[in-house]
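Okay, so chain A shows up in both of these, paired with chain B first and chain C after.
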Partner chain A sequence: MSNPALVLAHEWIGLDVEVIESPNECEVGIKGQIIDETMKTLKIKTDKGVKTIAKKHRMFKIKFCNRVLKVKGDLIAYRPEDRIKKGIMMIKRAKGKVWI
Partner chain B sequence: MYDFLRFVPDANIDFGFENYVVFAESKIKVNKFYKARLIKAESVNELISKLKRVRNDEIVGVYSSNLKVNREAVMRKKVDVLLDGVDRKLDYKTIKLAAEKNVIIEICFSKYVKANNLMRLFEEDLELIRIINKFDTPFALTSAASNCYEMRTKKQIYDFFSFLGANIKSAEKHAIKLIREYYDPNFILDGLEILE
Partner chain C sequence: MMLKREKKLERKVANERIRILIEKAEKMKFEDYELAKRYIKLAKKISMKYRVRIPKELKIKFCKKCLYPYKLDKFRVRVRKSRVIITCLNCGFERRIPIRPKRQ
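The block that comes next holds the complex of A and B.
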């Protein structure tokens, strides 16, 4: 899977992630591995324990396909099983370059 | 940040814009400016047949004085911009649909230079900007100049439309997003970018 756009449809558990923008300043800089995911939150295993971060209104930096991507949390604010369908639909509907 | 034009300006021209997007019906050389395809259509069939000839990797702007054509254009994935002119027709539904389909509505200054009935234009643009603000529809404030005498500085254009109630920052954001969609290799979609 070499298409970075497919991060929206991919499983996030196990990926390395960092919070780079958040309305809560204490959350900025939290980084680690995602160990669980719900519809509205990500659970990140950090050096200081497991942190639960809301997806909406946050910006995440994630390693995927040997690249570092910046992802707006609102784009992934779905149940993981729903995101496969909705993620692909979002990429197909995007204007500009054709990614799929 | 970006101005939409209908002609290729002089390369050394400086009106305060970062760069220019040149809309043209035929293939032209645009030097350092961004190239875009202009489609003029007076019927839906004409629009569809012209859109079939357009490649996926170029910015497409549609200009029509027919309301049905504009509504059809908004629903097409290839169309990026609804271009403005003296006799462009838009209604409430089309503007709302443009917000859903992410089609930029151009509001231009050159029609005020050309037109005779200014009061009608003011009334139409005030109503258009009111609906745009209501639905957060993508829009761009441009000069839409077809010759160098219709061009204006960025400050003049933005001051004029901010007086009519347009959100300048939002207009700039949408114009930058349009360019990034086609010319930035690291931009995938709004909210998803490649950093490294």
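The block that comes next holds the complex of A and C.
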């Protein structure tokens, strides 16, 4: 949990999220807690009920280890259990180094 | 050159995720029983993929066979023949945990 870049590999269920960019205008501004995750979608619990939102082509604002981060949805469009391997490799490819 | 996988870090993250998921399921089981089962399914998938053991204290919180978390009225605990027997009332699976007497 120490490295904020590990958000790509870490658990998203239970975190607070907000959609800030989307090709569908109605989705912009949806805010709440994530209750489920699949390969292509996130399920967000909002005041108006549970909303299902695709990951691709969206931009999310997420609270992770006491910071607010902007994450591109394309980077996390994998199965939740695959994200550990692929997320860490993505960080490694970008920086060439992983801090523990 | 091919990049190498960081297996130690992967396992560390996997361990943290399993812990988070099962603790989430414990809270969620009173609100939505099916969703709680889904969390445990995810935790189990992660543990199998990265070959991480689920810690002993978390293992006894759900049924090994149907993966529903144990909830009030959905499980039974009996002590018989020097072992603890936990029965899941969703599927009927019995889990037996032996109690060994201390050797002197």
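What we mean here is this: the second predicted complex is superposed on the first by the 94 of 100 C-alpha atoms of A that agree within 3 Å, B and C clash if a C-alpha of one lies under 4 Å from a C-alpha of the other, contacts with A are read in each partner's own complex, and residues count from 1 in each chain.
Heads up, the rule we're going with is that a residue touches a chain if its C-beta (ideal position, glycine included) is under 8 Å from a C-beta of that chain, and two chains touch if they have at least 3 such contacts.
What you are looking at is a predicted structure, and each value in this text was computed from that prediction instead of being measured.
With both structures placed on the common chain, the touch criterion links A:I84 to chain C but leaves chain B unconnected. Legend: residue contacts after superposition of the two complexes on their common chain; A:G14 is shown touching chain C, with no touch to chain B.
By the touch criterion stated above, A:K45 is placed in contact with neither chain B nor chain C.
Contacts of A:I35 after superposition on the shared chain: chain C is touched, whereas chain B is not. Across the two superposed structures, the residue set of chain A contacted by chain B and also by chain C is 93, 98.
Note for the complex: chain C touches chain A at residues 3, 5-6, 8-10, 12-14, 16-17, 20-21, 24, 35, 38-39, 42, 45-46, 49-50. The part of chain A that touches chain B in the complex is made up of residues 4-5, 7-8, 61, 67-72, 74-75, 90-91, 93-99.
Residue ranges on chain A touching chain C, taken from their complex, read 1, 6, 9-11, 13-14, 35-36, 80-82, 84-85, 88-89, 92-93, 98, 100. For chain B in complex with chain A, the residues that touch the partner chain are 56-57, 77, 80, 102, 180-182, 187-196.
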